[in-house]
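Common to both upcoming complexes is chain A, partnered first by chain B, then by chain C.
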Partner chain A sequence: MFFYYLDLAWRSIKKTPLLSLLMVLAISIGIGITITSLNIYQMANINPAGERSSQLYEVRLMSQGLDSWDEINPQITYQDSFNLRKSSIATRQSPMFRTGMAVQTDDDNFVPILEGARVADSDFFGLFSVEFLYGNSWGKQVDIDPAYQVVIREDLNKEVFGGENSVGRTIYLNQKPYQIVGVIKYWNPSPKYYDVNNGAFNDAERMFVPFSLAPIEEFESWGNNQSWKREDIVTYADRLASETHWNQYWVELNTPEQVKEYRLWLSNYIEQQKLIGRFEMPEAKADLSDVATWLKVNNVVPEDNKVLVGLSVLFLIVCLVNMLGLLLAKFLKRAPEVGVRRAIGASRAQIFAQHMVEVGVIGFFGGVIGLLWAWGSLSILSAHFKLEEALTQLGMSMWVLAPGVAIASALIAGLYPAWRICSTNPSVHLKSQ
Partner chain B sequence: MLSMKSISKVFKTDLVETHALRDFNLEVKEGEFVAVTGPSGSGKTTFLNIAGLLEGFTHGDYFLDGVNISNLSDNKSAAIRNEKIGFIFQGFNLIPDLNLAENVEVPLRYRGFNAAERKRRVQHALEQVGLAARMKHLPSQLSGGQQQRVAIARALAGEPRFLLADEPTGNLDSMMARQVMELLEEINKAGTTIIMVTHDPELARRAQRNIQIVDGQVCDFTMYQGGAEKPHLVSDTESPSDGQQAQTEQVAG
Partner chain C sequence: MLQIKPIISTLRHNKSGPLLLLLQIILSVAIVANASFIINERVQLMSRESGLVEDEVFDFTVYNFEEGVDYTAQNSRDMDIIRGLAGVKASTTSSMTPLSGGGWSSTFTYGQSEETAKDAPQAAIYYGDEQMVETLGVEMIAGRNFYQSEIESGHPNTANLAIVSQAFATVTWGDEPAVGQTIYAGGYGEQALKVIGVVKTLQGAWVNSSHLDNAIILNVELGLTSFNRFLVRAEPGLMTELKPQIIAALHKENKNRVIDGFTMITEHRKRVYRDHELMATVLSMMVILLLLITSLGLAGMVMFNIERRTKQIGTRRALGAKKRDIVSFFLVENYIICLTGGVIGALVAVQLGRQLMSVYSLPQLELIYPIATVVGLVVLTTVAVILPARKAAKISPAIATRSV
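Entry: the complex of A and B
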């Protein structure tokens, strides 16, 4: 009977094209707005670390002195980074910060580009499961004995070397020759959870250089810096020795025992630092946040987004109420035909099902057009309001969710009209035809 | 086949109670052709709606084919309407968007027949009424008489044991009406029980039995015994007065 009802629904839609179009438009606009806000919310809410989310921890330290803020800092100092590297408890660990360099090659025709880069240890790639296309990371030894080596991303490799295996070739960063040791596959997690301090939805870097090179090459910080203390920072060495928070530090801890052990190590570290006059606050502590907690702590998904989703759902309800009125008018006009169908053997349930299928078809079309609205509005948001691209890509799940929500919403709106039409007394209309 | 005992039907609003049927008793045997006459507002259509399970009743007992109709669920009522009862209406009541074959097919869809069986029955029913060649036409492309024949084909397609016709010739000219009546007589001869409401005394005379409803009650009836003489009707000589309309009582307060 379902296909019979589908056929009847299609005939009914064709019979009243304007009314049907109005209903499809009503639901499509509601769905379009809901899907737009839901998409932004969902894209902002993705945990890009996936199943490793609970094994990766951002380390935070309350290293500030008295008479400063009493919140734990989102970043740590270089000297803490340097010290934390001495622990051997974590499976993998890496300090890091964002910098930028001018990129040149031996090719005279290559126009130099200014490119963001991440300064990190060799464990960075294993920590965040970054896959290599060619080569590998620099060796562990380079984390101790600095070497001019670099890992670049697939798309930069294509721009600079036409996509060929460039491992072993030289690239000039800030006019210094660096040997390419690895080319990673395209990797651009969104949100950029390993460094949400510097634009959670900014693109990931396309170059990675050893952290051990920082004191030598004096890499500038291209990220946020926070400091609680007035310090005269003149040289790069001053900066490295300062209390400025500008590094991020991630560790991989695979078991609860490992987490416990690392926490204890951090507590001991704080006590040790107190002895030399740092970590002055009595409540000085360390904190480990896994990826999900880290995204929450940093308010990567602002509360406003939730309010926006709520408002758009309210708007969808308004659209559905309009649709309900139109459906009621359309269905009740058909009462005489329903009377005939009831007289010749249709049960109330069959009449109800017939009309619900029609509502479902309208909902489906509303969902498809709503998707187009959502796609259009996301494109406009991306093009004219400079919303990050990561947030304005229509997620794959929305292609299923939009028609699904549209059909479900339409069915809810259609319940009352379908019930009304199947409850009418058929004999009233048989004589009046 | 059909047995109604002390059936009453009261329509209530906030202000009035209307007794459409009161202490209504009737027995119809299998294969009978019964004509129901009576003045406007006497309760003929209410009787037909109750007989056809389109409306419930306030009091009494109704047995159709031995089944007590009093407390049937909607699904069961619909199934009985679909399998045992065929309806023919004064206004034909064809679905205007469906062609003739699709109109005739509607009750078969609800019966759950497969496509081949539906096709066979539609073909047969339309052949019975002489319209098989026009099965792809829309109702609006047919004359009134032809539309009524399609309605009869629709009623026959499910091979019901019981046909209820409400003024089947009311919207037709005399020639068309005669053709439709002849068709109904043929159907009855084939074994289908027919109850026909009509205002036309001439058509009523052609039925085997006449029932007159006055004030919601069976007033009198005459059994046609199959002889040469047609039944004598009380209504032929004693037309009901205006005062014999179904009574409407004012509810106190």
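Entry: the complex of A and C
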């Protein structure tokens, strides 16, 4: 029966090509606009940590003094980073910040390039499930006894060493020789959740150097440096001992007990720091945010995006109302024909089903064409605005969502017209023939 | 004359079609009014003058990674090299680039005594030399530029002269002349800066800041860190040519540095306003498509009504109605729906605008937008109705007598 209705639907669509085209156009444009804005929203809203999201926590500490910042700051000080490393409760943990150096090789013809680098502990790679192509992270020992070792990303390895296994070779960072201990596979989480200071959709660093080297090599901070009090910072040692917030700190806690234990440790730490005159605020506290919370804390999804999604959903509703009106017009015009079908034995349910199938077909076409609209507008937007690719890729879910939403909304819009047509009295229409 | 009574009774007789149209118009007005309001707000943001000759200025950075380099001496050698290149009109070292989204800013203190000292508003700080004004292409409207002999070098705390933007001068001193005033970097009395000139317009780096138009130029060639930024003004379109020349010349002087980040101010502008432009573009797309769909829907409904009422129209024509009467019947019918929908839609729009304002940081919807939308919709209705209605008017009176 379904295929018979499909056949009927197709005939009916062909009979009024202009009206059908209008309906498909309306619903496809509505779907196109909605999918476009939903896609940008969803891509910004993605949680790149996946199932690890609830096990990774960013640590925040309310270390500021009285009459300064009101709220807990997203970053922490170097001295707190240094102290937090002493706890062994977390499964993995790493302080970190962004820096950059000039890269040179043994090859004299190699033009130096300036590269961003992440300063972190060896746990960084385990924390964020970064996979290695060659070699491995520097050893845990290096986190305590600094060594000139570096991990680079696959694409940098290609640029500098032509893509061969470069483990054991030397590159020069700001003219100091570093030994390559590992090459990671291409890894560029979007949003760059482990540090959103330089923009949540910026590229991840392509080099990683030990945190323990920071006091020796005096790595400059390429991120935000936030101060709540005026301090004379002249040397790097001043900066390390200062109250400036410029580090991020991530821990991995796998069980609720572990979280509880770590929270307790943190509050003890704050009490202890209060004794030496830091953490002056009476409500000084520590805060742990898992990845999902962290993205919310940092407002990774811009407000404009939300406004767009809201408006485009309203837009889709307009398209549906538009379609509803046209459907009603079309179906009622066909009332005499339906009257005949009813008179020769079709039940109301059958008439209803027949018309719903027709609506579904229109919805399906609308969805498919809408997907094309969305794909087109996303490519135009990404080309014109040089948007991050991460935001303009049509997500896999959209390929299913678009026709699904189109058919579903078309069916909802079709309910009333189909009900109207199947509930009319056949005799009325038969008489006027 | 306008036969409003029979039209209303027709509408009441057959409710669902007109009701749907009404709903569609209400929603359209609400969306279009708010969207065009946001579009206009963004377009206005983007059309603010930066004061610069944007298509002639570009910036780049030099990263001196060799240990033991005297940055001040290095910068002044680099400056000479850059100024010696053909095609360079003017250039300077700079602490920041206008419209780039990053840079230096601070508040200053001013006043007659420590007790009456006040905070001047936040302003972007351009540290540079006597060629800064010419490089940016900003217009001096009072006082004078720095003399070459007045330029300090090295640390920012050696600055003692200032050129301020007019916006900054007005906010700080009102109608008093700015030239000759003194401001202090830090508290009152700390590092006095004498204002010697005023430029008409000079924007800072942060386009979403309310202090965008406040800017100060201070007389220091910086030599503080391994990073140094240069601003260059060249003939338009010469950047692509100058870039390799600059890199080669500076590398010849000293190989151990990275020279990078060549960007035109026009590119900075595009990047820094990107989100606003994106929002305006997507919303414009939405408004145009929405109006298209609404008018097509309207035309579709009228066409359908004509087909359904063929006999009635024929009868009316047979009874003496003129073609004009038929057209005006359809027009008035749709005007009634459109205006009713428009008024309700305008109320919904204001409500929606209020919601948007309270949840998001959007300004309050101005009333002119819903009103303009309704007017636009009336025009659209006329266009969408008049074509099918003309067709209806052509229905021959003879139709009425047929098939009855």
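The rule we apply is simple: the second predicted complex is superposed on the first by the 411 of 433 C-alpha atoms of A that agree within 3 Å, B and C clash if a C-alpha of one lies under 4 Å from a C-alpha of the other, contacts with A are read in each partner's own complex, and residues count from 1 in each chain.
Note that a contact is a pair of C-beta atoms (placed from the backbone, for glycine too) under 8 Å apart; a residue touches a chain by one contact, two chains touch by 3 or more.
Small disclaimer: the values here were computed from a predicted structure and weren't measured.
In the superposition on chain A, contact is made by A:Ala343 with chain B only, not with chain C. Of the two partners chain B and chain C, more residues of chain A are touched by C.
Once chain A of one complex is fitted onto chain A of the other, the partner contacts of A:Ile144 are absent, as it touches neither chain B nor chain C. Touch criterion met: A:Tyr4 reaches chain B, while chain C stays clear of it. In the superposition on chain A, A:Lys15 makes contact with chain B only, not with chain C. By the touch criterion defined above, A:Ser377 reaches chain C but does not reach chain B. Touch criterion met: A:Arg420 reaches chain C, while chain B stays clear of it. No residue of chain A lies in contact with both chain B in one complex and chain C in the other. Every residue of chain B that touches chain A in the complex is listed here, in rising order: 45, 49, 52, 54-55, 74-75, 77-79, 81-83, 86-87, 89-91, 93-95, 97, 106-107, 109-111, 154-155, 158, 166. Touching chain C in their complex are the following residues of chain A: 19, 22, 25-26, 29-30, 33, 36-37, 101-102, 112-114, 174-175, 220, 302-304, 306-308, 311-312, 314-315, 317-319, 321-322, 324-326, 328-330, 332-333, 377, 381, 384-387, 416, 420. On the chain A side of its complex with chain B, the touching residues are 1, 4, 11, 15, 336-337, 339-350, 425-427, 430-431, 433.
Chain C contributes residues 16-17, 20-21, 23-24, 27-28, 30-31, 34-35, 38, 63, 65-67, 225-226, 256-258, 260, 271, 274-275, 277-279, 281-283, 285-286, 289-290, 292-294, 296-297, 300-301, 304-305, 307-308, 356, 360-362 to its touches with chain A in the complex.
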